[in-house]
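Below is one structure, written out as structure tokens; the observations come after it.
In order of appearance the chains are A, B, C, D and E, and numbering begins at 1 in each one.
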């Protein structure tokens, strides 16, 4: 592989090709797995190339299978003007600080234009689908122009939070898109809503349909399961 | 930003502008979240400017939203003659020692006049509202002149305790204001009582009314919840 | 012992003779203990010689008895063209990263041809017996030629996962064979199925019969136990 | 403060004035809090001066209030010929080793005459009140001359144990006084018994009466509580 | 004390006189406390002298009382031709590795002839009393000549396991004697059985009678307790 550069920050190391002047997306799994689910879709739909990975001795011992091939559990993908940091496991809290620094260092060296992270808010009932927050007044204004409701108060946990404050300190604009979710379980339908907003921000035309199909399949299985359980509880129990 | 100075003490780092000869307040969340609640009010009412933050790889990965903008979870605010260290998370005990040293170093370099910390005592029934303690005879006398009851014995846990002993060793006067609370839950009404005492100590005129409104809203919601629960327990239960 | 070489990588150390140009097998105990069970069989049937061991202060304090002799709990065995890393305990996750590096370093220095690791998938009902995955298109093709079903998606946990991604980065082909198991308990019958596939890959003729006998003995004991328990539950209970 | 010396041993640091040729007492809270309770009494009755403190980043974040003043949770007191190491929290086990070394180093440099530590034995019924043990034949003989029963076998946990063995290695005589206690709760009456023995060893005349009053108050409160509970359990219960 | 040598290996340190060409016994408490119980007997019966101790900051803070005198919890005893490493607490697993190295280093420097460790196997019914295992064919043969049944397979946990493999790597012969025990509780009767075998190996004539008396006392107390409990369960219960 050509032009592989190592950015080592304490306990974690980025081994990756450089892509200059890109918008950076971060998709590590928070509540609802939003970032991870939409990250996999972007890789497929935008035909993004794997350009590197993040390595750390504090990661859980793990490989991920993709079409039968074992791949690194935290990969970096790139295509024209877009870079995606995609993790398939929950980042251990004790790695978050150094990983944030490593990613922001990478963005500084690559003159990245901005960072977009993903998170979720648990609601009793879905209303607006997606809300936004940012790390500067300029970024907030831009979200406003997209008619995106702004989340005024609250916490942003995990990498998606620390990346916003650290990139702000380096003068890199950052936004976070929050999907409304009803539970902590994977929610591809909520991720599909985020894709629609993201298309406007990136100028892409990613079809969220695969995520909606995935959601329907999950919902059908849950429906079946519910009927089975109901059926079982109605039948006499021998024990 | 101009004149940004780094004070690194082992595992935590203060990145902040200097403000000389100020009174320093510390508002990290102990029981009742007193320091945090009144800290946010002071920032608003005294129009304090964010002058820096404390960073540590041992902090939980977290950003805080303020009017839609992601801000650092431990910030330093300043205005004429007053500096506030304001944290939105509970300081991990293994960071307290180094953070105490970092803050006291900052105070020494800035010739800070004194430090005021906040804590709480859990009581069965609120009586005097606020009690005080200090780190020297001079500071105790001063509290006495405010007609503040003195808490003779007990423990001061967390940063508010270690800051008092460490600043005493450096010859910096320190006091702690204890709010009476009935439970470990956020208690804006108790924080309002502390604001009244603090106004006398700082010579400010901060209106505690917003905290009392906040308290009334919380109490109303709890009242509603209690009625709902009672209603539910009276209705027949199908299960 | 002649030509003993130490490969120390941070917290773990390989002390072993070199064997050049070999196929490397890794048999640490995952679900069903597949790799460990078949590893012991290979040592017996292929009359493999103990050529070294892996040492780490993070291993549990443990020796293993083999025919009355205390041996190291993580040993390395070799024979013409085949090397086996065989562990009798579950590798602590905090050692996995360094151990993976140490093993891949050893393989690079010894110009090892490929690595084969073992894992398992818990199923409700056994169907195909064994499935495969690999770390490169070439290795996948080769598994396909063996008519082995490919596991398209999922996770490979433990050493068997990290060895595949790390060896891929060094250009060493790697495969993982997954046994179907019904539970996390030792499953020699499942390991026997893997032996049949492994024979094709290694060009060996190891007889899996001992594992099938072992399985029958376990199953007979469980059968007996089940009858005893049933008998007990049918007899009147005094208590 | 004059002549302040720092004795730093790994993870803990003694900052203290020197007092030569003294008998050293150690009062950290073990079962029944004996050492801590009698330590506070000695400070009052012997009018001991605070001469220093022990600091460690592994201590819990804590200040202790004494007459409204925040003081260090591990302090060193001195008076003519007697030095007291007094802790208000349970020493974390991972600090005990280094703290033992730091204290014994301090004693060597100050040519301390001997060390007396305090511990307790849980009994079903109090009989002799206090028993003793020592770190040398000479110290044992001396305890015998006081008609103190000797505790032949058992364990001495905590600082009071490690101080005895470590000071023995440096040739400093050491004794441990064990109070009989009925429970792990604070037992000022048991501490009063130890004071009587200690008076003989130190040639002092400390009045244990305040501890007996404290015990009576605790016992009265428990008595009241018992009656309340009994009263409650006799009244009809609605639930 | 003359000729005290320090052998420091990472986190633990041996401070001890040298005794050349001895047989080394290791008595740390595993299941049934066999090694510890027989170690104390050997010290008494063979009038062994305390020649040193092992020190580590990772040990629990502890002293042990012996006839009223506080002694180190891990001591080394010696007599003509025999050395005993005797611990009164369970070795923390994170210290085992370094302690094993420290002890084997000590043995190499002292040209120790062999090492004998002790462990136990939990059985439903005692049959043969004692079984053996070793770290080399020569040692196994020797055990065979004693008509000792050999334990073919299984695990040796703790120091007694790691000492066997590590001494094997240094060419020092080693054996382990396993007592049959019915439970994890202290079993002096089982230790007495081991003493009989050990007498043959060491050429000593240690009388195991004290251990059998100790066992009888324990058994009598348990018997009494059983009758009391039975009596209680037969009497009417008021509660």
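Note that contacts are C-beta pairs under 8 Å (C-beta built on N, C-alpha and C of every residue); 3 or more make two chains touch, one makes a residue touch a chain.
None of the values given here were measured: they were computed from a predicted structure.
**Student:** What's the minimum number of touch steps needed to get from chain B to chain E?
**Tutor:** Each step joins two touching chains, and the minimum needed here is 2.
**Student:** Over the chains that touch one another, what is the least number of steps taking chain A to chain E?
**Tutor:** Between chain A and chain E, the shortest chain-hopping route counts 2.
**Student:** Can you tell me the C-alpha superposition angle of chain C onto chain D, nearest 5°?
**Tutor:** The superposition gives an angle of 145 degrees.
**Student:** Using mean CA coordinates as chain centres, what's the gap between chain A and chain D in Å?
**Tutor:** Taking the average C-alpha coordinate of chain A and of chain D, the gap between them is 56 Å.
**Student:** Express in whole angstrom the distance between the two chain centres, defined as the mean CA positions of chain A and chain B.
**Tutor:** So the centre of chain A lies 35 Å away from the centre of chain B.
**Student:** What residues in chain C touch two or more of the other chains?
**Tutor:** none
**Student:** Touch as defined at the top gives a ring of chains. Read it off for me starting with chain C, then chain E, then onward.
**Tutor:** Start: chain C; next: chain E; complete ring order: C, E, D, B, A.
**Student:** Once bound in the complex, which stretches of chain B touch chain A?
**Tutor:** Going by the criterion above, the answer is residues 56-72, 88.
**Student:** Taking the complex as given, what residues does chain B use to touch chain D?
**Tutor:** The touching residues are 10, 91, 93-94, 96-98, 100, 132-137, 140, 143, 150-159, 161-162, 164-165, 168, 174, 176.
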